[in-house]
Amino acid sequence: MVNPILLIVVPLGLAFALPIVNLISKKIIKYIPVLAFLFNLILSLLLIPKVLEQTIIVKIGGFHPPFGINLFVGPVGILFSTLIALAGFLVSIYALSYIKEGPKEKYHILYLLLLTGATGVVLTGDMFNLFVFFEILCISSYALVAYLGNKAGIESSIKYLIQGSVGSSLLLLGIGLLYGQLGTLNMADIANQINSISSPSIFVPMIFIITGLGIEAAIFPLNAWLPDAHSSAPSSISAILSGIAIEVGLYAVIRVIFTIFNASSFLMFFVFLGVLTLLIGEMSAFSQKNIKRMLAYSSIGQIGLIMFAISLNTQLGISAGFFQMISHTLGKGLLFLSVGFLIYKTGSMKISSFEGIGKKMPITSLLFTIGAFSIVGLPPFAGFASKFMIIKAALTTGQLLFTVLIGVILLGTVIEGAYFFKVIQSIYFKGTTDIIKRDEAPLIALISMSIFVLLIIFIGVYPDFIARILNSAASEFINRIDYIRSVLG
Amino acid sequence: MNIIALFVSPLIALIAGMFFLGLSRKISARIQWRYGPPIYQPVIDVIRSFSQKSITHGKFFDFGIILSLSSSFVLILFLPIGKLCALTSGGLIAFLYLMLMGPFGIALSGAAAANPNSSIGISRKFLLALAYEVPLLLVLLTVMTHYHTISLVEIVNIQANSGWAFGSWALILPGIAYLLILPAILGMRPFEVVGAAQEISSGPIAEFGGKHLAFYTLQHALHVFVGIALFVDIFLGGWTFFGLLNPLAGTVWAVIFGIIIFLLKMTLVLFIGLFVNAVYPRFRIEQAMQYLWKWPTLISFVGLIIVVLTK
Amino acid sequence: MSLELLLIIAFSGAFLTYLSGKISSQLRDGVAVLISLGLVAIVSFLYNVQTETVFYQGFFGISLILRMNSLAWFFAIAIVSFTALCIIYSLSYMKDCERSNYYYFMMLLINASMLTIVLAGDLVTFFVAWEIMSWSTFLLISYNRNGALQAGIKYIVLSLIGSMCMLVGILSIYTSFGTVNIADVANHLTPSSVGYKLFLLIIFSITFGIKNAIMPLHTWLPDAYAESPSPFSAVLSGMLTRMGVFGFLLIMYVIVGMKTTLHLGRGFLSFNTILCWLGAITIVIPTFIAMLQNDAKKLLAWHGIGQGGYMIVGIAFGTSLGAAGGIFHTLNHATYIVLLFLSVGAIEYSTNGLRDLNSLGGLFKKMPIAFFGGLLGISGLIGVPLTNGFVSKWLIYKTLILGNAPFLAFAALLGTWGTVLSVYKFLHNLFLGQLPEEHKEIKKAPLTMQIPIVILSFTIILFGILPGLPLKVINSIIVAAGFQALDINIWGVTSETGTLNMLNIFAAIAVFGAIFWGIFKVARKSTPVDQYDNYAAGAAVPKNKYHYTVEYYAPFYRMGKPFLKDIFDMFYNRIAEAIGSICDSVRKIYTGYVGSYVMYIVLFIASLIFVQLTWSIF
Amino acid sequence: MDRNQIGKWLKNPGKMANKYSFHVVYFCTGCGIIEVPPSITTRWDAERFGIIPVATPRQANLFLITGYVSTKTLAAIIRTYEQMPEPKYTVAFGSCPINGGMYYDSYNTITSLDKYIPVDGYIAGCMPRPEAIFIGVTHLWKLIDMDKADGYKRYREDYVHYRANQEQILGELDWPPLFSKENL
C-alpha cells in the first residue's frame, strides 16, 4: 500500500535536494517540481478510491494518536491534495517557460515548499503540525511574492509579511491556549475534549485561531494583503496563491470550526461574512484598471461565495463549497496563467494595454475568455455547475434569509460578469483592426493552460464525475464524531 | 346581393364622390357670394386631366397612384352603402387598415417624384393622419365596444331599431368627436395643411399631372365619400330612417331607397363640413395636431370611458 | 432522425465551420451554408413528430431531456430558416470583414443554442442553452467595435440579471419538486400555492421580459440591434429576442398552465392584465421614440421593441385568438424585420457602411430588390392588408376589442399608426426622395444578398394571402396549451364574430389593381423625366445643397422631443453610475496602509467577541 | 350646356374638357398679377368658367404671363412652361410681354416673349381689366375649337429655334433640352 506521507515527503525532500541538483546542472532543476507534483498527482489519484472506501490514518513513527502525530487522509484531505498536486503540476509545467529570470533555483525551492506546506495543512491531523505547515506555506509565499524583486513586489511582500505574522502569532497563541487547557495537540483529541471546558475559555482560542487562519483565507476584513500580494507576484505564483493558498487557509478555518470546535452555531455569522466578502471583493474589482488586482479582488469574491456555501452547514452546501473551490482553482489558475503571458507580451498590467491582444495572441486570449466565463458561472463551464450547486444548496434549506442572500450573491455575479466582459471586449474588440503578426505564448504553457480548460469543460459538463468525492468530503465535515472515532479508534 | 354590390357600390361611390366634390365647390362659391362652377366641373377636370400628357418619374411613381386608387375602391367594397356591402371579411379593422392604403400609395408616389414640396406635404399628411387617427380610433373603438362587434354591417343593422346611434346616449360624445375631426379626415379647412397650394405647391401631388392627377382626383372623391359614409354608417344608421323603410322590407325598393336615404344623410353631413371649410382659415400643422389631440381626443376618450363603464 | 443528432450536427457544425475557415474561406462558406440548410431540411422533416428523449444524465443526476412538439417545431423551423437566410446573406456581406471565421462560428453557435432552447424538455437544458445563447450573442454584438462595446456590456449585464433570476426560479422548482422535466413540473405545480406560482411567473417574466425587451427592461436592445453586423441584427431581432416570447409561452401556458395563469389575481391586478398593460406600453412608447431616430437600424430596433409588445399583449390576453395572434406575430415579425435588416444591410454594403437616414435617399432605382424588400417589410410592419403582419395584428385587435379591452386595443392600434409614420420615414429617407450625387455610382448588391430578400418578400405575401399555412401549426400549439381550437381555413380564420378571408381581399385588390393598371396603360402615355426635373417655383432643385429628409417630421419633433426620451435608459445609466461610484468607494477600504490593515484584524477580533457577547452564539 | 355641345363632347372629350377646365398657373411675373385676384374672387368669379388657379404647372393647362418679363424671370418661365403637360396654352397679359411696353428699352427686360416660348394669345393693355381676361379666354376657346391654339406643337416643332433664342439671351441653360432627337 502506498503511504500518503509520501505526498509531503517527496516534495519536501526534493525541495531540499534542489540546491544540490543545482550544483550539478542548472538546466534540470526546473523539471524537479514537475516531477514532484506529477508523482503527487498520480499518488493522490491512486489513493482516491481507497480513501473513499476507508479513511487512512497515518501514524507517524508508529505512535498511536493522541500521543503521536498523525496524518488524516480523509476525503477532504485527498480532494485537496489532488487539487494541489494538479494545480502544482500544471503550474510548474507552465513555469518551465514562464520563469526565465531571477534566482530560479530559489523560485523552485520556494514553490515546492509552498505546495508542500499546503499539502501538509490539508493532510495533517495535528494542531501544531498544522501551524508548522501553515508557516511553511506562508513564509514561502512571502518570499515568492517578492520574487521579481521590484518595488511593488517587496512592498506588498512586507505588507503581507506583517499581516501574516500577526496572524501566525494569533494562531500560535490560540493553539497555546488550547494546549494549556487540554494538554493535547491532536485535532481529534481536542475535538473530543472540547465540550469538557467552559465556553469562554474555548472561545478565546477559537477566535484567535480563526483570525489567524482567516488572514490567509482572505476573509473580509482580513484580506487586505491579498490584492497587493497577488498582483505583484509572478503570475504562476498568483495562480497558486489564488487557487490554492487561500483555499487551504479557508479549509483550515472550516476544519477548526467544524471539527475541532463544533461551532456550527457560529456559522450564521460566517454566512453574512461570506456574502460581505463576496460583495466587497466584486465591488472592489469592478472599477479596477489593473488586471491582476482585478483578478485578486475577484478571488476575494469567490472566497466569499465558498464561505457562504460551506456556512450553510448542510451536506449539499459543503459539497457545493468544495465544488466551488475546485472550479475556482481551475478557473482562477487559468486566468492568472493566461494573464501572465498577456502581461509578459504587452509589458503592462493595465487592462487598457490589452486592447487588440486577441489578434496577437488568439489562443491565450481564448483561454482567458474561457477562464473568465467559468468564473462568472456561465455554462457549460465548471463555474456554472458549482454555482448551480450552491444556489441549490441555499434554496434547499428553505429559509427565506438564504433566498435573499442568494439574490445578493447573484448581484455580485452580475457585477463580476460586467467587469470580466469588459476585459474580454478590450481583448477582442478594441485596438487595431489590422492584421497583426502572431506572437503566441510558448507551446508548453499553452498545453498546461489547455489542460485547465479541458478540466473546466469536463467538470462543467459532467459534474457527477466528482460528485462522490465531494459528497464524502462534505460528510467528513458534517460527521464530526466519525472523524474523532476514526482517529482515536 | 353581394355580387350586385360588387359592381354597384364602386359606381355609386364614384358618382357620389364626384358629385360631392362638385357640390362642395358650388356651395363654397355660394357662401362666398359667387356663382360657382357647374356641379359637374370635377368630371370635366378629370377628363381634361386624362387628355393631358403627364410626366412620370419612373415605374414606382405610377405604381403608387394605381395602388392608392385601387385600394380606395376596395375600401368601398367594405363599406355598407345603403344595404349594399360586398365584402365583410375582417370588419372594421380591415376597413381601418385599407383606409390607410390610399394615402400611403399617394405618399409612395409623391416621394418617388423627389419633389421637396411633395416630401413636406407627405410629412404633413402623416402627421395630420396621426393627429386625427387618435380620436378616430377612440371613436371607432367606442362604437365597436358599445355594439360588441367588429362588423360594420352589424353596426348599421343594430341601429335599425332606433334609427340612429344617438338613441343610446353613450354614443353622443363619440359622435361629436367624429364631427370635430371630420374636416381633418376630409382634408378640408381648417386642416388643409397637406395640400396647401399656396405654400408647398399642393404638397404630395405637386408632380402629378395628366392621368396621375385624374387618378388622384378620383381617389380624393372616394376618400371624401368614405370619410362621410363612415360617419353615416356608424352614427346615423346608414340606410335606416326611423322605420321609414319598414313597409318595403324585403323588396328591391328597400335597397334603392336605402341608398337614397344614405346619400341624403351623407349630403347633410357634408354640408356641416363645408360650412366649416368656407369660413375658417388654416391651422399650422402643430396647431392642428394640438387641437386634434386636445378636444376631440378628450371628448372621445371620455366617451370610451363612459361606454366601458356603462357596459 | 433523433433530436440528439440534430443538436450534434448544429453544434459540431459551428465548430466545423470555424475549423474549415482555417483552411480556406470558400470552404468555410460552403460548410456554413450546408450546415444551416441541412438543419432546415432536418427540422422540416420533423414536422408533426412528437418525441421525447433523455439525452444526458451526468449533470448532478438530472435527466436532461429533448422534446419535440408543435410549439418546439414551430420555433425551431423559424430559427433554422431565418438563420440559414442570414448565413446566405452573410456570404457577401461579411466577405472582406475581419474575423469572419469567428462570425460564422458564433452565428451557428447561436443558432444551435436557440435550437436547444426550443427543444429543451427540462429547465436545466433550457437554462444552459439560454446562457450559451446569451454569451455568444454578447460576443457577436461586440463584433463591430466602437459603439458596439457599450451595447454589448449593456446587453450582457441585463442578460445576466435575467438569467440569474431564471436560475433562482429553476432551482427553486428543482428543490421544491425534485424534477426539472417541464411536463412533470407542470403536474407538480398544479396543487401548489398561488403565491408560489406567482413568484415563478414574476421571476421568469423578468428573464423573458429582458430578452423580449418589454418596457422597462428594453434598454439593451436599441444599441445592440444598431451596432451588430446587419445579418446578425436580423437574427437578433427576428428570433433571438423572440426567445423571450417562447419563454413566456413556456412559463405561462406550459409550466404554470393556461387556466392558472389567467386567474392569478383579480380585475386589473391580475398577472396577465398587468403583463398586457406592460405590453401595451411597450407598443406605444418605443414606436413613437422610433420616429425620432436617425439611424436606420436604430429605428428598426425601436420597432423591434414595439412589435414585441404586440406578441406579449396577444399571448398574455389569454384567448385562443390572442394567443394565436401573438405566436403568429412572432413569426411574422421575424419575417419582416429580418427582411428590413437585410435591406438596410444591402444599403450599408453598397454605400460603405452608411445607414444614417439623413444622408441617404433615392436609392430605389439603384437597388430595386432591396427597395422592394424594404417596401414589403414596412408594409408587414404596419400590417398593410395582404401582408402577414395584417393577419396577426387583426387577430390581436379582434380579441382585444371583443374581449372588452378597448384601451389595450387603442394602444395596439395607436402603435400601428405611429409605426406608419416612422417606417414611412425609413423608406422615404433611404429609398425615395432624391438621390445624392455621391451615390449615383454604388456597389451592386450581389446575388447572395438578394436571394434572401426575395425569399422573405415572397414569404410575407404568401403568409399574408394564405395565413392558414402557419396558423394550422399555431392552432395545434394553442390547443396543446389548453385553448379552444380556432376554425382555420387556408385563407384565414372563420368565426361567428367576424371572419377574415384574405383571399377575398387579395382578389378585390388584384382585380381593381388590374383594372386601373389597364386604364393607366390605355390612357395617354406619359413622358419619363429625370428625377431632378421637378417643380420648385420655376427654379432648379439644388443638388446636394440640402437634404430635405432631415428632420422629416419636424413639427412633431418640436412637440414630442421633450417627452419622448428613453427615461428608463437614463435611469439605468444613473444606477450604473451610482454602482460604479459605490464600487469605487468600497475599493477605498483597501487603503494601502499596513497600519489600517492591522487595525482591521483587531476590529475583526473585536467584532467576533462582540458577536459572542451579544448573542452568545457559541 | 346646349345640344350641339353634346356632340362636340362625344367627338372629342379631351378638347372640350380642356376648354372648360382651365387650370391656370399664375406666374407672378409682373405687375399684371394684381388683376388676377379680382378675377378669381367674388366680383368676377372665374371659377364659373372652370378657371381655377393651381399651384404647380404639372396640373395646369394654361399659363398666364402677367406683365413684363425680365431675363431672370424668363428662365423660370421657360422652365415652368416646359414642365406643363400637353396640351398647354400660354396667354400673355398686358403690353409688356408683347413688345416690352414701357420697358421697351430696358436692358434686362425682354421685349417679345414669343421669341422664347410660344404664346397662344395676347391680352393687350396696361393694365387690362379683368373682363379682358374673360374675353381672352373666350377667344382662346374659339382658337381651341379651331385647333389654332397650337403653341405647344409649335414649340415642339421649332424647339431648336426656341432653344437657340433662349440660349442667346440666357447664356448656357442649366437644364437639359426638353426634346431630344429621339422624342421629337
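Here the chain labels run A, B, C and D in written order, and each chain numbers its own residues starting at 1.
Basically, contacts are C-beta pairs under 8 Å (C-beta built on N, C-alpha and C of every residue); 3 or more make two chains touch, one makes a residue touch a chain.
For clarity, every value in this text was computed on a predicted model and none was experimentally measured.
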item	value
Of A-C and C-D, whichever chain pair has more C-beta contact pairs	A-C
Centre-to-centre distance between subunit D and subunit A (centres being mean Cα positions), rounded to whole Å	97
Subunit A and subunit B, separation of their C-alpha mean positions in angstrom	79
Subunit A-subunit C separation of Cα centroids, rounded to whole Å	43
Mean-CA-position distance for subunit D and subunit C (Å)	59
Sequence positions of subunit D contacting 2 or more other chains	56-58, 83
Multi-chain contact residues (two or more partners), subunit C	527, 533-535, 537
Touch-based graph of the chains, sorted into line, ring, star, complete or other	other
Footprint of subunit C on subunit A - complex, ascending	158-159, 162-163, 166-167, 170, 199, 203, 206-208, 210-211, 214-215, 219, 221-222, 224-225, 227-228, 261, 263, 265-266, 268-269, 279-280, 283-284, 286-288, 373, 376, 378-380, 384-385, 387-389, 391-392, 395-396, 398, 403, 406-407, 410-411, 413-415, 417-418, 421-422, 424-425, 428-430, 433, 435, 461-465, 467
Interface residues, subunit D side, partner subunit C - complex	27, 56-58, 75-77, 79-80, 83, 174-176, 183
Touching residues (chain side subunit B, partner subunit D) in the complex	25, 29, 32-38, 41, 44-45, 47-55, 117, 197-198, 200-202, 205-210, 213
Complex contacts: residues of subunit D adjacent to subunit B	13-18, 20-21, 23, 41-42, 45, 47-50, 52-59, 61, 83-87
Sites on subunit C touched by subunit A in the complex	57-61, 98, 127-128, 131-132, 134-135, 138-139, 142-143, 145, 148-149, 152-153, 156-157, 160-161, 164-165, 167-168, 171-172, 174-175, 579-580, 582-584, 586-587, 589-592, 594, 596-598, 600-601, 603-605, 608-609, 611-612, 617-618
